[in-house]
Amino acid sequence: MGFTRREFLVISGAVGAGIGLSSLGIDMGPARAYADSIKMDKLKTAKQTTTICPYCAVGCSIICSTDTKTNQILNTEGDPDSVINEGALCAKGAALYQTTANNPNRLKKVLYRAPNSDKWQEKSWDWALGEIAKRVKAVRDKDFIEKNAKGQVVNRLETIAHVGSAALDNEECWPLQAMMRALGLVWIEHQARI
Amino acid sequence: MSEGYSILMDTSKCTACRGCQIACKEWNQLPGVPTKNVGSYENPQDLSAATWKILRFSEGKKPEGQPFWYFFSEQCRHCMNPGCMAESEKDEIVQDEKTGAVLFTPKTKDLKYEATRKGCPFDIPRKDEKTGVLMKCTMCFDRITNNMEPACVKTCPTDALEFGPREKILDTAKKRVAELKKTYPKAAALNADDVRVIYLVTDDPKTYWKFAAGK
Amino acid sequence: MTNHWVDLKNSDCILIMGSNAASNHPISMRWVMKAKENGGKLISVDPRFTPTSAKADVYAPLRSGTDIAFLGGMIKYILDNNKYFKEYVVEYTDAPFIVGEKYDFSDGLFAGYNKEKRAYDKAFWAVKKDDKGVPERDPSLQNPRCVFQLLKKHYERYTPEKVSEITGTPVPDLLKVYETYAATGEKGKAGTIMYAMGWTQHTVGVQNIRAMSIIQLLLGNIGVAGGGVNALRGESNVQGSTDAALLFHIIPGYLPAPNESLPTLAEYNKKLTPKSADPRSANWWQNRPKYVASLLKAYFGDAATPDNEFGYTWLPKLDAGQNCSWLNLFDAMYNGKIKGFFAWGQNPACSSANANKVRAGLAKLDWLVNVNIFENETGSFWKAPGMDPKKIKTEVFMLPCAASVEKEGSITNSGRLAQWRYKAANAPGKAKPDGDIMYELMNKIRELYKKDKGKFPEPILNLKWDYADDKGHFDAHKVAKQVNGYFLKDITLKDPTGKDLNFKKGDLVPSFAFLQADGSTSCGNWIYCNSYTNAGNMMARRKKDDPTGLGLYPQWAWCWPVNRRILYNRASVDLNGQPWNPQKAVIKWVDGKWVGDVPDGPWPPMADKEKGRYPFIMKPEGFGASFGPGLNDGPFPEHYEPLECPVPKNAMSAQFINPTIKIFAGDMDKHLTCDPRYPFVATTYRVTEHWQTGLMTRWQPWLVEAQPQNFVEMSEELAKMRGIKNGEKVKVSSARGEVVAVAIVTTRFRPFKLGEVTVHQVGLPWCFGWIAPKDGGESSNLLTPNVGDPNTMIPESKAFMVNVIKA
Amino acid sequence: MSDPTPQDAGTSKIADEIERIKRETPSVANIVEAFEDLLFARERIKEEIEEADSEAAATFDPAQLSQGIPAVGRAGFTIPPDRLKDAYFRLAPTMTKGFPGIRPQLEVLEQAINDGLLDLEAAIEHLLADRQNEVDRIARAAKVKPDILSFVLGQIVRPFVEKQAEHIGSALSGVQWDKGYCPVCGSWPSLSLIKGKEGRRWLKCSFCGHEWTHLRTACPFCDNEDSETMEYFYAEKRETERVEVCHKCKRYVLSLDMRERLDQSISSATSLGLVHLDIIAQEKGFVPGAATDWNVLEK
C-alpha cells in the first residue's frame, strides 16, 4: 500500500512564498495588459491524448495534441512514457498526422456507385445504411440455409461474406463478429489469413 | 572564430528510415518532387534546390563474399575552410562567426555555378533554375541560432545523428571510432579536422558514397 | 508472441528469419539492439540481404520456401552435438512419449496417407497410453519409439550438405547459424525467434513454425525471459481481431466454430472438451464449457436460457470439413456464389494472393460494402485499368470511417498487450467511427426484421445489442465490459485458497477462473476476462513499475491471459520452482508462493507430486510438443518444395510438394512449376515507407517521394543474363499475371547454388496499386499463387515462380 | 550586490535567462527587475556553500520511496546556524530594493534581528518542520507581519536547500518514482519541463529545485489521467510556453517544451518569464499547484 502525499504533508507550495506581487510593490499593469492581449485573440487551448499507432503491431504509443476549440489535431509525437517505444517512432508512425483530417485525401462522404455506372454519387448515411440493410435482409431471406443436404440443422447464410477489420478496435471487432454471426454468415475472414 | 557547432552522422547506427531526409524538407518547406525509382531505394536521386539532404544507399560484396548495405545521410559538410567560398567575393557565401555554418545568400545568383560547385570537394552546391540562386543545407541556421537542433538530428530515431558544440562532437567521434575499431578496423571519422559535419564509417569511405571523403 | 517486445532485450541470441524487422517493425529493433549491447547475438536468415541483415552479427541466405530444410538441419545439429537442455526436454516436453506402432515415415510420407483424399488418417500417429490413459514415457530417451529418438531419426537425413543443396545456403554459413543459435541450449541461456509472413505464407507455413518450436523446446527456450516463439504481427490489431474470431473456424477466445456434427451445446461440449487421465496435467481446456456458455450469454443476454441451450442453436453451423477461409471465399465469389460482400477496413483487391481473381470476383457481386478512410482498389475496383464499368453490375457502398485517433477503444499488440487509445479529434466530414457504422446498420436490420419477420429472425432479434451511450453513440466501454464479462446473479465462489468470495449481480468478473457453465456469468471473450474489472479499465493503465527488472511492466496496460506477460512461464523454473536463470527470473517459488510474472496457474512447482502441474497447461497432457499428431500434414515438419518451385524434384524425398494442400483448378487458378517460361523464384515483402497494400501511406506525399514505384530486386548475375540494366522497367510475370516494375540490380540478392544447379531469385514489394500514386505501378499480388497451407490456408505468397524480361 | 558581471555558471545562466525574458517578454520586465538582484544573491550564496556541508545532508532509506515517502522531507534539510545571519544580511538589501511595497516591514524585521528580538534559527526550524503557528508566533512577538517573516525565511533557506537537494537527488537516480510531488522533499512542482529528444516530462520542485520524471498525460496534483478533463493553454506563436490545467482539481502548473532547445537546463529566473500565463490561468479560476515567489498575484 502506497502513501499518498496528503497523508504526510499538507503544505502546498514553496515555504514562505505567498506574498502577492502587488503587495511587494510591483506594478502588475504591463503583465496584465499583455495577458489580456493574449486572451483577446491569441490564446490557444489544447488537450493531449494518447493513442496507439495504427500500423504494425509493436504497439507504439503516440501523444496527439488537439486544439480544443477547432478540434484540429495539431501535432502527433512519440509518447516518451510508453514502455515499448519510449518516445521513438519510425517514419510511418512519425507521419501519423497525415492520416488525420489534415490529409485532404481522406474520405469524407458516403459514396454510392449504381450498377453499371461509371461514377460515384454522394448519399446520406441514413439512405446508405437503410439500403444495405434491405439488401442484407433480401439476400438472407432468400438464401438462408436452415438444413444442409443431410438434413442437419445448420442455420447459415452462404451468399454474404465479410472480410477485414484487423485495424479496428477490439470493442468494434467483437460486436462486428457477433453481428455477422447473428446474420448467419460463415464467410467471415480477415487479415490474419493472408 | 568561436568553436561553433558540429554534426556527427554515425553510419553504424543508421537503419535507413529516411526520417532525416523527410524532416529536412518539412522544416525548410522544400517541395516534394515527383520521383521515379531508377534502380535503388535512393530517392530523390540527387541533391537539388529542393533537396538538401539525401540518404545514400550503397551496396556490394565484401572481400569474403558477404554482401554489405551502407547508409549515408549526405548533406553539406560546412567546411572549416569552405572550397565553395573561393568564388565568393562579395559575401555571396558567408561563414557564420558563431555557429560556423556556411550559408549561401541570395546573392549567390551572381556566382558562377559550375565553378562554385567544382570548388566544393563534396559536390554539394546546386542551382535553383528559376531564381539562379545556389542552394544547400544551412545547418538549420534558423533553428540552431534559436537554441534548437537541426531538424534532421531531431528526428533521428536511432541517434545516428548528433549535434552539439564542435569540441564535444569531436570528442564523441573519437570515442566512438575507438569503440568501432574493435569490430571494424577501418572505422574512421571522415575529415574531422576540416569539416563540421563528420561522418563515422566502418569501411572505406568510397564504398558509402563517391564523395564521402571528398572528390 | 509467447513473450513481448521489451523482452527481446533479455535474449542471448535473436534469430530473425521470415521477417525483416528493421523495415517492418522498426521499433522492435530498439530492443534487439539493446540485446546486442548486452552481448547478445543477432542472426538474420533471409533470401535477400535486408536492413535487418545489415545490423546482424551473422547473416545466411536461403532460397524462399526451404526453411524446414534449414531448421531441420539445426535440429540435427542440436541432437548430434548434445546441445539440447536435457532436464527441460525430459521433464517438460513430449520427448519421452512413446509413439504408437502405426506411426511410420517413409520417403516423404507419414503413415496413414490417403492419396485420393490427399489427406492423412491421424489415428496412425497416436501416442501410446497406459491402462489409465496416461501417455507412456521413457525419461531415459532411449526407447527407439520415443519422440526423441523418432525426431533424431527423422532429421538424420538433414545433413549440412543435403540442406545446403536444398536451401542454397553455403555450408559454412549454415554451421555458423547452427552453432551460434544452439549455444542457447545451455541452462540459463535464452534464444528467441522473430518471424513474420516470411514463415506463414507458404504451403508449409505451420510446419515452418513447428520446426522452430521443436528447436525452442530442445534448447529449453520457451517460458523464459528472452526466449519464446514470437510472431511479429503486421497489423496494429490483427492479434485482437483474431482473438475476437473474425475468422470462419473459431468463435471468440479460440473456441472452435460449431458444425453440423455438434447440433447441441451438450454435444459441442462433450466432443470438444479435451480430457486428460493424468492428474498432474492442468488440461486448461477442460474449462471450455464455461467459456462457451458465458460467450452465449454475452451474445444473447437474457434470451439465452438453459432451456434453449443459451441460444447455441442460433449460431450458424458449418458442414463437416467445410472450409470458409479466404482463398475459398474468393473462389466462391469468382464462381458467382456470393451476392453481398463487406470489405471492412481491408483492401483484398491488392492484399490477396492472385488478386486478379479477387478483382474478377468483385465484379460478380450484387453489392459491395467498403468501409475505409481512403479510396482504395477494392471499393473502386470497377474503374480499375482493364475494367469496363458499363459491364459491371456490382453496386458499391463506400462508407467513410474514422481513423485510429478519431475514436476510443483498445487494440492488442503482438505481445498480447491490450492498450487503450483515446479519441483526439472528430473524424473529418461525414466520416464515422466503425463502431457507430456497425451499430446503426444492425439496428436498421433489426428494425426490418421486427417489422416484417423474415427468415429465422431469432438470432438477429435476440442478439444483445445495447452498446450505445445516452446520446445514442457507440460506447466502447460498454463493449469492453461485455467482453470482460459480468456476474448475472449474486453468487458465492471460492478463491484458489478455498476462501469464500461473494459477487453481486452486475459485478464485472475478475478472472476467467470464475466463469460458469450454468449461465450465471457472461463473457464475450474468456481470454479478455480480467481486462475491465470493478477496479476499472485495466487496459488504460500507465504505471511503470518493473519489480522483476525484466521489463514486464505488469501495470502498463493489460495483457491476456490474466495479465501474464510471458506464456508458459512455469517452464522457466526447475522442478522446485527455481529459475533456470536466477539473473532473469520470470517467476520463482518463494516461501510457498510464486513471485514475479503471473504464473501459468496457481499450482505449486512440479516437485510437489500431488499438487504440482506440468507447465504446458494448454496441452491436454501438459507437455511441450515436438510431436504434433493434430496437424493435417504430419507430426514432424518435413521439407517439401513450394507448389511453384525451380527444381524438378525434392532432394529430400520422392514426395515433391506438401501432399495435403488443396489445389484449385479453375480457369484463374494457374500454377506452373519448373516451367521454363517462369524460371526464377520470387518472393514479396514490404518497405519501411509503406504499410501493407499502401492504402494509407500511398496518400502521403513525403512517403511517396521516398518510395514512389513498384520495383523488383534481382542479382547482378540474373540481370546480366536477361540484359537488364539497373533502373530499367521490366515486366515480371507469373502464370497468373504480370506487373511492370523498376529493376533494382543488387548484390543483396545472390544466385543460389543448389548442388550443381544455379537458381535465381527476385523479390518485389506488395505495397503498390493502381489508384495512387500516379505511375506507382500495380500490386505484386497479381503474381502470387492462390494455394494455401493445409492447416491455415494462408496463401503461398512468399515462394512462387516468375519470369523477368525488359518491359 | 548588483554586480553587473556575474562570473559563475549559475549566475551567468540567470543573467542569460533574464536577458532573454526581457527581450522576448518586455511586459514582464519590471517584475524580472524586482527579483533579479535577489536571485543573483541567492545563487552566489549557493555557490559559496562548501561541498562538504551539503554532503552531510540527512540520510534516508531508499525502500521508503517505493511506498511514496520522499527521501528526506523538508524537515530533513539542515541549515548551518552560523550562516543564517550572513545570508540574511546579503539578501535583505536586494529585497529592500526590489520590493518597495514591503520596505517598512523589512525595516521592522531588520531592527528586530539587530536587536536580538527574533531568533532566526528557531524560526527556520519551525518553518521546515511545517509548524507555521510557531513561525507566526515568533513574528508577532517581534512585531513583524507573519507572512513577511515567512517570505524572508523562504529566501534564506533556498540556497542551502537547493544545494543539499542536488546531492540527495543524485543519490535518487534510477529510483522508480511516479508521484506528482518531489521525491526529495515532498513539495509540489512549480514547473513541468518537456525535455530531450524523446520528450519526457520533468517536474521541477517548487521548494528544493529537484527535477524528476512524470507521466506526460497525468495531473501531478490529483493523478487524474482523463484526457478530457485536462488541457493546456498557450499563446499563439509561443507554443513552447504553456499552462497545464486540470479541470478535476482545478490546479495548474506552468510548462516549458524544451525539446528543441540545445541547452536543457533552466535557472531560478525561468518561470519569471511566464507570469503572464499565471495571470491567465488564475483568471480562468485555476490555482497554482504550488505557490512560488511570484505566482501569488494579489494578496
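Note that the chains take the letters A, B, C and D in the order they are written out, and that residue 1 is the start of every chain.
Basically, a contact is a pair of C-beta atoms (placed from the backbone, for glycine too) under 8 Å apart; a residue touches a chain by one contact, two chains touch by 3 or more.
Not measured: the values here are computed from a predicted model.
Among the pairs A-D and B-C, the greater number of C-beta contacts is found at A-D.
Subunit D has its Cα centroid 40 Å from the Cα centroid of subunit A. Separating the CA-averaged centres of subunit B and subunit D is a span of 43 Å.
Centre-to-centre spacing of subunit C and subunit D amounts to 55 Å, using the average Cα coordinate of each chain.
With touch defined as above, residues shared between interfaces to two or more other chains in subunit A number as follows: 47, 49-50, 81, 86, 88-91, 95. Residue numbers of subunit D whose C-beta contacts span two or more other chains: 197, 215, 217, 227. The multi-chain contact residues of subunit C, meaning those touching 2 or more other chains, are 26-27, 30, 422, 542, 544, 546, 688-689, 701-703, 706. Chain contacts here are complete: no pair of chains fails to touch. Residues 47, 49-61, 64, 66, 71-73, 76, 81, 83-86, 88-93, 95-96, 98-101, 103, 105-118, 120, 125, 128-137, 139-141, 143-144, 146, 148, 150, 152-194 of subunit A are the ones that touch subunit C when the two sit in their complex. Residues 25-31, 34, 66-69, 73-74, 98-103, 127-128, 130, 132, 147-148, 150-155, 157-158, 179-181, 186-188, 190, 196-201, 206-207, 215-217, 227-228, 230-237, 239, 275-277, 279-280, 283, 288-299 of subunit D are the ones that touch subunit A when the two sit in their complex.
On the side of subunit A, the complex with subunit D involves touching residues 1-5, 8-28, 30-35, 38-39, 42-50, 63, 68, 77-81, 86-88. Those residues of subunit D that touch subunit B in the complex are listed here as 197, 259-263.
Those residues of subunit D lying in contact with subunit C across their complex are 176, 178, 215, 217-218, 225, 227.
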